[in-house]
Amino acid sequence: MLNFRNDYSEGAHPSILAAMQENNLIPEIGYGKDDHCKHAADMIRERFSCPGADVHFLVGGTQTNMTFIASALRPFEAVICAGTGHVNTHETGAIEGTGHKVLTVPAEDGKVTPEAVRLVVRDHPDEHMVRPRLVYVSQSTEVGTVYTRAELTALRAACDDLGLLLYLDGARLASGLTAPGCDLLPADLPRLCDAFYIGGTKNGALFGEALVLVNDALKPHFRYMIKNRGGMLAKGWLLGMQFEGLLLGDLYFTLGRHANAMAQRLTQGLRAKEIELAYDSPSNQVFAVLNKDKIFDLTVDVAFEEFARWDETHDVVRFVTSWATKPEDIDALLKLL
Amino acid sequence: MLNFRNDYSEGAHPSILAAMQENNLIPEIGYGKDDHCKHAADMIRERFSCPGADVHFLVGGTQTNMTFIASALRPFEAVICAGTGHVNTHETGAIEGTGHKVLTVPAEDGKVTPEAVRLVVRDHPDEHMVRPRLVYVSQSTEVGTVYTRAELTALRAACDDLGLLLYLDGARLASGLTAPGCDLLPADLPRLCDAFYIGGTKNGALFGEALVLVNDALKPHFRYMIKNRGGMLAKGWLLGMQFEGLLLGDLYFTLGRHANAMAQRLTQGLRAKEIELAYDSPSNQVFAVLNKDKIFDLTVDVAFEEFARWDETHDVVRFVTSWATKPEDIDALLKLL
Amino acid sequence: MLNFRNDYSEGAHPSILAAMQENNLIPEIGYGKDDHCKHAADMIRERFSCPGADVHFLVGGTQTNMTFIASALRPFEAVICAGTGHVNTHETGAIEGTGHKVLTVPAEDGKVTPEAVRLVVRDHPDEHMVRPRLVYVSQSTEVGTVYTRAELTALRAACDDLGLLLYLDGARLASGLTAPGCDLLPADLPRLCDAFYIGGTKNGALFGEALVLVNDALKPHFRYMIKNRGGMLAKGWLLGMQFEGLLLGDLYFTLGRHANAMAQRLTQGLRAKEIELAYDSPSNQVFAVLNKDKIFDLTVDVAFEEFARWDETHDVVRFVTSWATKPEDIDALLKLL
Amino acid sequence: MLNFRNDYSEGAHPSILAAMQENNLIPEIGYGKDDHCKHAADMIRERFSCPGADVHFLVGGTQTNMTFIASALRPFEAVICAGTGHVNTHETGAIEGTGHKVLTVPAEDGKVTPEAVRLVVRDHPDEHMVRPRLVYVSQSTEVGTVYTRAELTALRAACDDLGLLLYLDGARLASGLTAPGCDLLPADLPRLCDAFYIGGTKNGALFGEALVLVNDALKPHFRYMIKNRGGMLAKGWLLGMQFEGLLLGDLYFTLGRHANAMAQRLTQGLRAKEIELAYDSPSNQVFAVLNKDKIFDLTVDVAFEEFARWDETHDVVRFVTSWATKPEDIDALLKLL
């Protein structure tokens, strides 16, 4: 069975599991106050050029998004995101569960634009409506596209104008930042965002996301917030240890580059076969428009997700590559198509 | 440095880490829909004699408590627990964070009695007050004591009388059920409780708690609830795999018995030295009353927690044993005292 | 200054204020347990032909919506409504404040259709998304349109198919049910809806909405819910007394009919002047497309709200009539246009 | 039937109802943006000597408490109050409903002391527990006692030391500030508290509480908060108009003084009869210890509340006086005792 279902189908990169094995019986202080977490946070501050940032490690993406947003907003404040945004569609109302409305903007390519943000703010002028306060973006987006430096800079400028916070969900940050055509550098993120997270789960960790708080106003008492939302891991060093592994020798971005290379190999193969692509994704998600019968047949040999309807006879399917995808998997998939 | 700080200072029991290593690169379905989770749930239903129960795996204890309570209660309903109860004191208001008041009863020994529950219900007669709806107990309790079968049966009867749910927090269930003097059997829990959880984090897992929903009314749509609270682990099979390991050959209770044996060795040593014990704990937490100077000296060689004030010159310290504690650690600690 | 800003610009219908005056110094039991509330509830059950319904009186519409929805839904469940729905746009996130996502359907005319509801349910198939659970409609809608009996019956059928609750916001129910073309009768509401509310604030009361709970499953402990959300009025008899007045001699619908007649007079006048109407509203809100310069001039003599943009040179303005509007006000407004 | 059940059994002071009658058909801007609210706010700022304070009018006490607290605290922060505090006992978990834990201190006489506050803060040292952030007091308290200027000043000093906010619930402020032995002046409240509210419901209004926000940090966007919690009254001028009436000629405190005089008359009568008083209350609540048979007999002619158990044969009953109580009512009650 070929696996293109998602980028969290395997365990951890072997070097990470080896570290966990090696340190398994060494007693540690709990709740993320250990040296692995301290060290990993330092490595992140260095790699992302944000010496003054606070770094917190959480277990998963929804947990990170909801804990951060619940901490950053007052009760009547709202999030702005693309209609396809993960916080809008795939978190079972976790953001609303913390009391906050999610306002969506139409976004064909999954990206929020300054114009769209301005319209939302204009249409929420008084206290009978929520107060837009935070723009949520993801890199790469839910449809595989990436923000360029110019785009994120323009969004930052709009946020400054409008008094909004800018938050970047980096569940797929490794793939996003190393995607062809993406000129955003790690150092750009803390310069342009108030906060962002570096996703581990989808790029070689067993689990774990590193939340980076850049804006000083967002820092106080954040550990209380994590615990209050049930997100404080008892054996917190497991998170630190995994990020130490991911940052070591830039493994994090190396893995992202590999996932992208596999996706490019697939994309080129699909184009050669004149199979239409639903989104122009340079990152590790590939969205192919396939005949429904073909899709039915494919499920025998390949694990993947049906993503959306396309027309009467075609649907969009999603193939996701990862650090663990092998070139021969791509070739086998292409042969089946 | 001797470590008696807590029972979650080490990684996983070696057999569990070995399984994770072995399966590391085998692709799995995410979010707990894999075969390891199915198998582990079956093993739990069998070991705890509850063939009809639903089993869900969550990452940590606070997360499990808050997710279950938020699912079981309506907005105006409240929890009853001992003043020392974990949900009251050590979860940073996570229960209140889901909207529910925690009503406490005085409990010298950490245990809730039917009489105390009846008084709380009597004192909340109408809609100007919260509606008491769920009794929270823990086995073992936060001060190491354990409920006997007679005690839990009496509590169940009171709950039936008063229309209350009974929920048992089993963060330390392995130690609790195998403690000397505890006649509760695994099969008693689903018979007496509406729901309970089997703690992995403090008994040999890297992380993980297995929530067992016995009462049919509490079952529907619980997976929505987990996701809504940020508790659904992407690589959910890691939870199933760990509980497979813990249930295999009754390892779970074997580890609990070992922790208790180490605690008994310590308790006997303390008694031999005529050191007073603050609680009569048969389980893996030992509460010793020590002179403040002695405590200060001890911190050089031993990791432990200061638990409470005792008198002008003495404090209570807590020594916790675990599946990883060695007899020679106990002897070394006793030598230092 | 002519007043068409809204239908809650004056105090109470004189007969209601007279009753409050008359009973002012008669001591009453608080919190809605008085005889006026009992009597008003009986009158409502009779007028709306729902002898088994529970009736609760709340102070305002947002409060009623949020209290009811928070009571009816579990944490991960969501509301479906028109994009223009009051709970979506004009309640400052009060519904999300209780933890629930509001899912919108496009609705040119402010009305939810069975087809739109089916699509929302189809697109929310699993636990990674919220669970749609309640359809919110308003009669009349936020753009003045009304559901016919056939339309509401079809919506009910869809709700039954899909396991959804149907809730009707009757902030403008008097105008809605007496609007030309509306064949819905008071007795249809409890037959078709699980719950609905009868708006007093916008139809002759100082304040007050009567929530009618028809579905037995929604009834238990609702008074706890009201208090928990801060909505229990100490001098609750003021609510009962006002609804006694509104139900007496069918004053409620008489006032609604008057508001509609005034709106029709205005609509006919606008049509005679060939002024475009943005919505085909038979009820007490009239939406006129006016030249921006005209709008600017009009603000000197008339109070009204700008509702939406229309084109480069025109905006939509809203004129609202009420029980207190006089024919000569309409004529004066028409003269100004 | 003599009425001593509470101080919200009648409608409004006649002068207030007269104003409502007189202005009934004058169109006003909604939601508290009218001139009556502006004027009443000015009168409050002047009477309480706080020219820079923000004043908001809400409908009821629980609504005011929960809206203010939800606005002032971050999710993991907690309230400290007396065990008898209204927010702890009689608001059906409304505060917890907004996500915040209520921490109680023992308080025989219903009053919070600096020492008690210090202990709570000391016992909540880290992020595994809630962060105490706001001290809630009431004047008069739930058992009729009053804080002196020295007491409130000491509490303020403790709050300053500990980084806590001080909030005063003035549901019975008129009686509290005019009670014999209370040397607190209106001008002391904004000097000592971060926020407080002036209760109208229990002192001559139909409904209404005026929340005074003194601390600048608590002011921004508060109107959003009111709407988000369902507390924004459409015909908001009804609140302003009532407070205009209450502030006019110091009617507010005149009514409070009357209620106290009636209570003193009762207290003296009870003392003359050697009936024990459960609390030493100088304000408008009198707590008498009565034989259970006597209580049973009394219910024939008098409305009152049973407050607490006293001993095997006696209970504590509460008699409440108000602006509407007449001396002959007191004498009639005393005759019955």
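Think of it as A, B, C and D in the order they're written, each chain with its own count starting at 1.
Note that contacts are C-beta pairs under 8 Å (C-beta built on N, C-alpha and C of every residue); 3 or more make two chains touch, one makes a residue touch a chain.
Keep in mind that this is a model prediction, so the values were computed, not measured.
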item	value
Steps in the shortest chain-to-chain touch route ending at chain C and beginning at chain A	1
Remotest chain, chain C as reference, centres from CA atoms	B
Centroid distance [mean C-alpha coordinates] between chain B and chain A, Å	33
Centre-of-Cα separation between chain D and chain B, whole angstrom	42
Centre distance in Å when chain B and chain C are each reduced to the mean of their C-alpha atoms	49
Interface hub residues of chain B, defined as touching at least two other chains	75-76, 91-93, 97-99, 127-128, 130, 224, 227-228, 232
Chain B - residues contacting chain C, complex	31, 70-71, 74-76, 98-99, 127-128, 130-131, 221, 223-228, 232
Contact footprint of chain D on chain C as seen in their complex	1, 3, 5-6, 8-12, 14, 17, 20-21, 23-30, 59-63, 65-67, 91-94, 97, 201-202, 206-207, 224, 227-235, 238, 303, 324
Partner chain B, residues of chain D touching it in the complex	75-76, 78, 89-93, 96-102, 127-130
